[in-house]
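One structure follows; several queries about it will come next.
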């Protein structure tokens, strides 16, 4: 790797440039900025003082990195993507503190996207071209639109499985691509008086629950649940409407659509679980093997990956 | 009580008339009929041969009791109420066997009602005036309309309790008018990501379930569930939509409307339970303390009343 | 008119029979009953003791008139029409007081109809064949079905006017068949921001209101409003959904369908007004020329007819 | 067959009684009435003068046959079934002409049913117990409720076939139980731009159409279409919603539910066709091999049966 | 304040630069442009000839100000915000006249927003990041999305009051944060026949109306009504659905949600009123103390502020 | 036309610049790029190597043309419009092949629009300001929003004709602005049994069909059908819901809204037809004069224009 290369038409005032980094025409970098190794800063960009950029980052043309921005390694920032650091800007009225925006390792921001201030763009996530991101984006999430909504998780979509009677799932439990996770079809008995489905704890469901909880009235754009448990087993049934569950063992990630009360999914301890795409009438019933214990939750995906020994 | 009195304008051919029974003008009773004590058969009625009428029965004017009909004690049959004994009648084509209709003890049939053949009108039930009864009527049920639908249970309606947040039910368990039955309000936590409710087995729910079952897609006119359990405890939650539960300890009867996922009702063993008035989107979740065992069910209300020692 | 004629196969025990009245085969009339002049009581009827029947009444076959019934003049009772006098009948449990049913002058009850106890069947009303009447019927109303609902008013339907833009009503006021009643189309201005309609008191509306009131959330089967005012002027607009107004000056009766916020109807004092056929989303706005004064209401149609000098 | 038998407690004034006919207690028959052979008139009935009753008719108790009624052979009239002969009865105001009611050969009227005046109850039809019949009933129809609606056709229901993709119908034409009638599944091609179905005249559809017509906005209670064609071929597709088609070759009758735009049914000439059970959004597309010609229609079922040589 | 500072890498051709204004790298300003005092023009901007910029304006990087643009004082224009001056651009086909865009005093335009040509961005308004503004924006409005819709008014949202029964508003009038404006809860009487609400002019409503008008069929994205009256009093009731009213006395601004027919708001003369957020089924009824008089309207917010003596 | 003019503050490395072309400040053009005659490349743009730009193209400020982009003649690209050439960008992970984007002759791209990679922006189309274009855009289409949807076709909207009963179209055929295209109103007969419409082939429809096809379940954002036929005649009826048809003879273009089953449009051979704006419940029935023949389709608008001899 060579020393950094700065085009002669650029105005670079910092000395904190990593090896292999290239800076092109009409770029301005203020003296306080720090840029890692092997980055590519394309033409017509501006990088202010209180900005830290990691290694192997690409910044396409027409982008400004304002004071307060932190950019991890391996990040892609598309052309004319736009950041802001003041949530309610008024000319000449500087806020007491600029809201810091964080773009985590491996994230990509599409062409022409707009990122509101104070947001964290999660590890490995993908912001679609033209998206207007108004809330923090979880790790691996794919977000689209104005305002941006989560439409999927990287790699999970292509492994999608619909857990419904229509999919002709056999009775009982089947394994999945994610370690330890099983999907279950319970018996369903229908007659003219209506339908009935049944599950037996310790028999058709792999543990004895100590409690249940139900999630409902979820706005469709919301993700509700994004964590792993250290010891608690869970069994999820969408008793009304439909929702999606993404399960992730640190190595494989798969999305499941639950759309019938006779369909369930078992999440063992130390599997990262996400629930989203709730239909308007969705009600999700969860059986848990333990009473609620806050210390049982792993809420940070990076921590989770470490705990399961995933390579990063 | 005096011997039976037959009006001189009646044509009574049987001798099986109980003491105290009166028969009025233009009534015909064929020779095979048997009528109990203290009955009142008003004008313009016809009673065929293969008919048995209990004690203290009132038959108002314009009623025909056809071959095959069995009428219990203390029954009221309103004026111009109409029975039939052939489900698809064609002239001169007698069915192989007439369908027997049974009117159980204490039932009342309103003025102008029509009762299709082969039906059992249950103990103590009430058929509204003008109703057209196309299916058997459970004990204590009140039925109305054409076709007749169950709209309530005798005495239960006036004790009705709506088990909903709107009714400002306090958190935890409250007792009811029915012995051992408790209603429960579980915690409900709402934020912008939606709502959550939770129940803990052995703590907020009075037993450890061995299984759950769910009832859904119930046509609104249907009653689904009408029995008691000998040993099994149950806990019912309407997780979507609403339904009504009638609980009956043999002495008191009360109706409960379940209309929120954070509301539950506990039915101990040896309480008669009925579920009906399902809304179109209703899904009823039931936790049970035992695995399914057919011998645990008491399906006949008369038997149930005996088992709990209720006076009749 | 001749003296009453009683068939020899009838069992008539009263002497209170008016001239010209005929009683046919297999009829029973108990000694306390009173029957007016020129009546016709067809075969197979029963008339108990505490019954009063007016003049020119027709009772077709298969009808029983139970204790407590009062029948006005010129009433028609169709074949197998059925009355009751106990709202929750149980054999041998006589209620403290039988509910009295009143059939007012000029009413007709169709073949096979059922009339629940305690009901008043209003003057000149028409009960359809097979109807099951569960609530009192206002004067002139036509009721149909099980349970019976008001579907129109005698003579009003055939004069029906739809007061809507679709009917191409001209701007301003038009007279109607009912004395003093006018229908109004107000200006309606529409642009892409929505629509606007306007009315000016004393100019486009014929009085200055002292108050307004609004009627809403009306179950569709309900009639809301059935009276005249002595002095108060009213102006009605259906601001949402639709409803029907029947106006009656004692001589002419006309029905109007209000289905647009730019349509109004003016009811002067001493016009009988009825509102019904509310759509589920109907909201009716009424301007009144006087503050509320209970003594301004004429609530009884017979009284109203007298006050306006209508011939009966 | 013996001569007619009249019970001594009956009041029979006619001499027109067929052999084998029996008349029971408290029945009245006026002098002008005519009753055929082998009838059974049960107790408490009234038969007026201008009434003609066919052979092998059963009239159960509590029925009145009013002036103007015509009853065919093999008719069954259930207990307390009620007829009327005045559509808007007022006491003492006889209509100029009583509306004649006709009950055709082989029809049955259930217990407690009410038949409005001026109605024809079609050959072989079945009126359910408690029904209130407000419009004429076609041959073979089964009607239920208040007001009565057609719910099926005798014998057709049990041969019902659902012509939908869900029923896994194979592509192309299949024969049915009715001579010459075929059901067709057309290709259906779906992609993310929507779905497409196609039919080729002379190839996948067995004739070249000269015209098409479409039926829509049909109230759900209506039957639209009840006739046969002498020469015209028809091909029916329910392009939106669903409807039922009954086809009848004079010997076999079958009901088909059309519920997809890629499903069709071919009706050759001289097949009786009925369309009913339209869903609210139903649109039925019909291809016809001939231009409209009124003389091509056979509109009377009895005529149709003769034309196809069906035995009666 | 110092004289203007122009970076040596900028290409500034005008001399009309106010004191204290700074112009940064790679900015182009054409000779005809006029820029006020104390402005900050960040890197990579272009300012054409026919452009006037006020004092204390901030223009962030990547912005072009095209011919025809007028920018008031204290305006903020976020990074990569994009203007246009041709509504239907075709290459080499210059329109006869470029559409002028006006950004009024105190307005802010968020990062990455797009402003269509010919639009006025009102005084003190706030354009959200990423918004695409297709229509003029009223003073103080907050707009969001693509296309941009009004979601609130600056400062009004945080004072929001829901005027509904659910909010347990007491009967009668209450004062608000806005001078002279009162909110009213009228009586509401409900029974099984429906609900009724009533208001009395001069008593429960503080004036005698000369007219009413109703607003309905308003597309949800529309603001309908944005003005003050010099002399006319108004009283607003949302008789169906719901809408929002913003009231502003020049000093305080508050938003009210009207969602029940028994809720009203009184706007005295010289209060600025805005109505928006109409639900699909909303109908707003307004009583006005005067007949319509165009000269009574104050339609410009800046004029209004002057008339009420508000300091700017 | 003069030789190309390059501003001294630009960094232009190619020699392939057409006469009359101007390049402004801070623009970068890499050595491989090719730019036609009479273009205008405004300030702050970047043009990479593998880019071909036609004649008379306008590129406004802040635009980057990435490797792989092909721009036809007479194209307008608005300020800050943003292209991309990697559909799932990750930093330092170059795709095997950059997706080529094509902007065809005469197209315009609005200010601030974002164009995803691999897309063709069709001849003469119009991309609205701020649009995010995620799929290829057909010739003449106008697209708006995020994601961009077709809302109209250039010139067609202003000639729009609603072909509905409400528009009081006369029975029979009328000509349109497009050569050979006729609109048809068929008879519609309504009675209480529903409605019926009819068309006769060779009589009211100008050809004999060899086949029909139906299009349904079309997502509302989709355009379904965009081509001409060489020999095949078509007749279109929207049998349920509504849709829009654009017809184009190469000279005139007109849009028609079909919203009733009794309305049709005839498209002769060699007319370009487009169907879009399907309502959710739309079903479009098409009669075709020929069996399906792929070689009969003209699917490319440029080819179509040549075939009909339209001047370009």
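Chains here go by letter, A, B, C, D, E and F, matching the order in which they are written, and residues are numbered from 1 within each.
Criterion: a contact is a pair of C-beta atoms (placed from the backbone, for glycine too) under 8 Å apart; a residue touches a chain by one contact, two chains touch by 3 or more.
Here the structure is a predicted model, which is why all the values come from computation and not from measurement.
The fewest steps needed to get from subunit B to subunit E, moving only between touching chains, is 2.
Counting every residue number used by either copy at the subunit A-subunit E contact, under half are found in both chains. Rotation angle, subunit B onto subunit D, C-alpha superposition: 120 degrees, expressed as a multiple of 5.
Farthest from subunit D, judged by the mean position of CA atoms in each chain, is E.
Two chain pairs, C-E and B-C, are weighed by contacting C-beta pairs, with C-E ahead.
Centroid analysis (C-alpha atoms only) places F farthest from subunit B. Chain centres here are Cα averages; for subunit A and subunit B they lie 55 Å apart. Computed from the mean C-alpha positions, the centre of subunit A lies at a distance of 67 Å from the centre of subunit C. Centroids of subunit E and subunit F (each the mean of its C-alpha atoms) stand 36 Å apart. Contacts with at least two other chains are made by residues 26, 44, 62, 80, 112, 132, 146 of subunit B. Interfaces, counted as pairs of touching chains, are A-B, A-E, A-F, B-C, B-D, C-D, C-E, D-F, E-F. The touching residues of subunit F, counted against subunit A in their complex, run 11, 26, 28, 44, 46, 62, 64, 66, 80, 82-84, 88-92, 112, 114, 116, 132, 146-147.
Those residues of subunit E that touch subunit C in the shared complex are 190, 192-203, 208-219, 222-224, 239-240, 261, 278, 281, 283, 285, 291-292. Within the complex formed with subunit B, the subunit D residues making contact are 9, 24-26, 38, 42-44, 56-58, 60-62, 74-76, 78-80, 106, 108, 110-112, 126, 129-130, 132, 144-146.
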